[in-house]
Amino acid sequence: MADLDIQYTDGPPTKPRMGGRDPGELRSLHVTPGFIGPADGSVLLELGRTRVICAASLVDGVPGWRRGSREGWLTAEYSLLPASTHQRTPREASRGRQDGRTVEIQRLIGRSLRAVVDFGALGERTLYVDCDVIEADGGTRCAAVSGGYLALHLALMKAVDEGRLRALPLADSVAAVSVGVVAGMPILDLEYAEDAAADVDMNVVMTGAGKLIEVQATAEIVPFSREAFDQLLDLAEEGLRTISAVQTEVITDVYRSRAGRDG
Amino acid sequence: MADLDIQYTDGPPTKPRMGGRDPGELRSLHVTPGFIGPADGSVLLELGRTRVICAASLVDGVPGWRRGSREGWLTAEYSLLPASTHQRTPREASRGRQDGRTVEIQRLIGRSLRAVVDFGALGERTLYVDCDVIEADGGTRCAAVSGGYLALHLALMKAVDEGRLRALPLADSVAAVSVGVVAGMPILDLEYAEDAAADVDMNVVMTGAGKLIEVQATAEIVPFSREAFDQLLDLAEEGLRTISAVQTEVITDVYRSRAGRDG
Amino acid sequence: MADLDIQYTDGPPTKPRMGGRDPGELRSLHVTPGFIGPADGSVLLELGRTRVICAASLVDGVPGWRRGSREGWLTAEYSLLPASTHQRTPREASRGRQDGRTVEIQRLIGRSLRAVVDFGALGERTLYVDCDVIEADGGTRCAAVSGGYLALHLALMKAVDEGRLRALPLADSVAAVSVGVVAGMPILDLEYAEDAAADVDMNVVMTGAGKLIEVQATAEIVPFSREAFDQLLDLAEEGLRTISAVQTEVITDVYRSRAGRDG
Amino acid sequence: MADLDIQYTDGPPTKPRMGGRDPGELRSLHVTPGFIGPADGSVLLELGRTRVICAASLVDGVPGWRRGSREGWLTAEYSLLPASTHQRTPREASRGRQDGRTVEIQRLIGRSLRAVVDFGALGERTLYVDCDVIEADGGTRCAAVSGGYLALHLALMKAVDEGRLRALPLADSVAAVSVGVVAGMPILDLEYAEDAAADVDMNVVMTGAGKLIEVQATAEIVPFSREAFDQLLDLAEEGLRTISAVQTEVITDVYRSRAGRDG
Amino acid sequence: MADLDIQYTDGPPTKPRMGGRDPGELRSLHVTPGFIGPADGSVLLELGRTRVICAASLVDGVPGWRRGSREGWLTAEYSLLPASTHQRTPREASRGRQDGRTVEIQRLIGRSLRAVVDFGALGERTLYVDCDVIEADGGTRCAAVSGGYLALHLALMKAVDEGRLRALPLADSVAAVSVGVVAGMPILDLEYAEDAAADVDMNVVMTGAGKLIEVQATAEIVPFSREAFDQLLDLAEEGLRTISAVQTEVITDVYRSRAGRDG
Amino acid sequence: MADLDIQYTDGPPTKPRMGGRDPGELRSLHVTPGFIGPADGSVLLELGRTRVICAASLVDGVPGWRRGSREGWLTAEYSLLPASTHQRTPREASRGRQDGRTVEIQRLIGRSLRAVVDFGALGERTLYVDCDVIEADGGTRCAAVSGGYLALHLALMKAVDEGRLRALPLADSVAAVSVGVVAGMPILDLEYAEDAAADVDMNVVMTGAGKLIEVQATAEIVPFSREAFDQLLDLAEEGLRTISAVQTEVITDVYRSRAGRDG
């Protein structure tokens, strides 16, 4: 189990943020691959105080509506541990239904990851990507996408190692980040207190090659201009290049440690 | 019950689309205000073959978590009539739960409309905006936002007329439109067959004053470039100015017909 | 899309009712066939201010318990749009279950329509009849039966036209009407305010040939005598002959307009 | 615990039925009052092989929508024990929802019993009438109404004895019976095998004074004539007079045994 | 339908209990075999005022996860009739879910009965054991196990009689009893009022041969010593020998009455 | 965040077990207090490969049925992360209900912890103890009890520190362990593969003072003798003394580190 602890800073701060970060500065990003033993692929992704366990399982068979298509499928699920939030969040299994926010987030994660999977190469198999937030301090859906991609990659690596797949059925990598406008200033990677104070909230999902998969911008209180929107998208793209680089490092490191073990 | 039937065309077609529309051409837009008698405000909005009944009800009281805040709330609900789609859609009430797409759409409608309501001026009242699609040919969520705004405006007009409110608690108007890339060409206001063939699918919600409320872009198959994204947003903004103009005309017409009746 | 607007009056009023109707007078009845484009058969049926969209879909296959029987099935579903009632009715899909009244009504509609369908001739196909009330002013279940029959007939006509069926698998037509006792007077086709004041509430379903399919009489407050019951049934039979005549006219008109189109 | 075992026969058989009964003959009717110790009022009602436990509980308070009205309410619930039917019926609590038939039946029982309760005299109290079928051989809903009335009466007697109520808040008694047409012959009180073969199925609820509370007639296969309907209603009224007489006997017997105990 | 009414007393009372029982004395135990006509096997088991209907149904097929195993399965279900308890218990089917206590109890009954069934000899068939409490005065889960075993045995006897099975697929019999500590005194077979006052509550399931199947001891208020625990287990084993003897008597009696009928 | 890593071995192995443990040897036990930042009290408890996050939250108010009692309440919830098991476990929130095993386990945890809380001293507050298994290798319910106690203790310490409580409302500590018989040999603390092969499965909950709270023994295949039962209970008591000692050490360590920080 290798740990990568990388902290990124871009130049001198232009304006003080909560926690002293620059407007375009990510929180410290820490990834622990192999966090869940029985999972095919898993990571603990920590982005500042936001911590998400992402696990991917590769299972034979596909949902009924896709049977006979010779193509696979990917389903993502997202959940907050009750104690992950400042005020305890009631457990959805106890209430008997997932709330709207959960449904919306897991649909976003699923769409984002499906965009880079080659389902023909996967064959009639289903990838389950489970994202369980153990501590929530803003940006959990983006952390889930970035971590979910890593878990997915590791699960597919294992399937290749075991001969279940010939090659990785992946066209690119995926990362996500949030941006927003707080007190008139566009900032990257909002923590909870910033998110609560944001006028605009935006989540961007991008591939490692710099193509967009999903852009979701929402005016929290005041509608925003096209200019503000463009600025936020620039900020997000910059942050996503950094996260993408960390993802590459994590994957490379796992390949190396396996090679070392095998060699 | 006044009907407005407006058809917009922008110059000669540059490239053939299904149904012969130009890339930047809206479908014909038809609004029937007062479509549901008992509702406080209602319209039937028809955008080509897509038809949505939007109804707004103003009810005293707010959800528990907002009680004592002296502020109101707005909840949107969205549903497809089973026969509205080419293949019958099973009724959600029979299955005992709303599916993820429904939840996601009604959250979008709710956020979009809440962005222009002054909840302090509304006081502890709840606006329910019900959007029931009676025929679905693409763009139903956008039609629901545009029509939902009209129903909302009419319901608030009625509350002002009846003396429940002193003035319209609205900061601006709201309209939504879809854009997408089909066969490499960015097009406005996709009908169902185009939507099914789209590489990128994007919904944009904008105020009458041209400010953005929500931007949601999704890569259906292939991730997209920042340039494509910018082009789509331009196309959407143009279409939204047209829808916004129709909304103004509908509202003006209702005011006029009331004045005529009263005078 | 042809419209039929027929208003029935039977002689001079003997006693004043709400809206000035005679005791044995139906509300104005208006049918718009083809109201929902994608449906196999559909109508908007308007009975005074009560308005119901009825749509029928013919789908291959039958429920599990009927598989292998070589016989078809018919399922009816009924729903009130939230804004259809004076006080907004909460959406059943949001609450996660259909209430008892809905279940009871859709069972009545299903039994009524199944009584005239020849399921052997239909083969292993399912007819879904969806009745969505867009405005409720009393008598919605009866309007749903009468309109549901029309949607069903139109859907089966289409299946015959397309060669899916050799002949209409229908033994007769079906119509329904409500009768009741208000302030001691038996009256036909109660609107909501009358229904709320009724001592006895009765719904009668009859075929075009004058045979009974379903009779449901309920004492709302005071039990009633056999004589009152017999009087009400007489009144209902008379009203049903009128509705049945309108149904015939609607169907005939659709056949004529098709013949004109084809000829 | 007193048992009453009464068998009614009306003249010589005119035509053979299953089990040798005359067309207008009830099955043997057996009532065990006080069958459930903790209930305020209860009976085991046995009608041939159909056996139903009916229990009534009088609880302070009313449902929210009736609070402040100074009037009471009555709620009926109906359930089949899984082993009560020839093929085991899956338990509704395990499946998480009541099926349509259950909902329809318990609404019928509730309406029937409410028709004779004086809710003003009851005050803000709720009567729960639970009807649990332990063996089902046709006519369970009618047995539940007839037995439910007895449980209700006994519970109210107890409340009067204990001084919770000044007088019985009952305007009349209630009984129900089924009639139907089998092989062209109108018959009374159908057992399961007859019910399955019936062309018309009808349930009639009547007061002890001979007034109608509910009439529900359904064509199972072939629509029926007004004449057949009238004949069935005659047959039902005759049967109901017999059931009503048994109810009176049961109640009288309980009063006597109490008087004996107290005197 | 044979009735067995057996009352067991062990020596002179050492200390007064509610109802005058000795600490080690069972309540009177009464079994009515064949209580539910349509069930394959059934009993009414009465233990003092606690009364449970137990019914067993043998159905072809097994749950999906066990298909192809050539082994059978047993599922137990437990329910309280609403009126069975002093304060009416809301019906689980109405609330849409079984509560935790019900789930826990039916799992206990299922495990207890499965321990003596030879599922290989049963083949791919499912035994449903339904335990419906009609009156609850403490010890219902134990009464359900003891009665459930009898229903199960009778259902299997019937299957052997009908040639569906060659021999009884049973390794032993099963009985259960509760013990507890009330006011410092270990007592057997607690009735409700004792149970509510108990410091320790323990349920023991044992085979006829004296082997343990399940031991569940719970400190209600104060944790208990190992010594107290051992004493309780002794008391339970003694009571279980008595119940087991009654079970043998019931089964023997049924065999005898069948032999008499056949001979 | 202090880590305690303690490995317990009791003398030389007498017989080989999976993983080389002695029959009476616990797996390595590792506790990380403060694992979840926002929780009032939390630990990650690792028992061999079994890993559970336990978090306790202290919330003002109690469930409705306890209001006005001046006493608090404790509710425990238990969940398996989908990827925690070898074959992915479907998420209960997606299926809309908790399964029977989950319900049974969380009831056990709740009863065990409630046995040592002084609810009068707690006042009208609710303790939520959430146990989320991130890796399941046998003994998860016992790990949840032992870890749940620690989370509970830490949450109450925090409440005392913050002045919400005057003193710890705890009468004792609580720990749990599993024992079982595998291949005829009684063993302590079964891992998953042993559990799957066990003839008898037993969970014991004990206080730090050595009093029993809960004993649950189940015959998985073959009923067991009283002697085997007694042996298992001896083995469990020994293991529980060890776990209890670790709990004391963890708590002491947290107190010390706080004192160091404050001093």
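First chain written, first letter: the chains are A, B, C, D, E and F, and each begins at residue 1.
The definition used in the following text is that a contact is a pair of C-beta atoms (placed from the backbone, for glycine too) under 8 Å apart; a residue touches a chain by one contact, two chains touch by 3 or more.
Computed from a predicted structure; not experimentally measured.
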Message: Along the graph of touching chains, what's the shortest path length in steps from chain B to chain E?
response: 3
- prompt: Can you list every chain that touches chain A and also touches chain C?
  reply: B
Message: Let me check something: if the centre of a chain is the mean of its CA atoms, which chain is farthest from chain B?
response: E
Message: So chain D and chain F are the same sequence; what rotation in degrees superposes their CA atoms, nearest 5?
response: 120
Message: Regarding the chain A and chain B pair, does the interface count as same (over half of residue numbers shared) or different (under half shared)?
response: same
- line: Rounded to the nearest Å, the gap separating the Cα centres of chain B and chain F is 53
Task: Please work out the Cα centroid separation of chain A and chain F, and write it as a whole number of Å.
output: 32
- request: Report the inter-chain centroid distance for chain C and chain F in whole angstrom, where each centroid is the mean of the CA atoms.
  value: 61
Message: Quick check on chain B: which residues sit in contact with 2+ other chains?
response: 96-97
Message: Which label fits the chain touch graph of this model best, line, ring, star, complete or other?
response: ring
Message: If we count contacts the way the header does, which residues on chain C are in touch with chain D in the complex?
response: 97, 100-101, 103-104, 106-107, 111, 115-116, 172, 206-207, 209, 211-219, 221-226, 229-230, 233, 237
Query: Can you list the chain D residues touching chain E in their complex?
result: 35-39, 42, 49, 53, 55-57, 59, 77, 79, 81-86, 88, 91-94, 96-98, 102, 128, 130, 132, 134-137
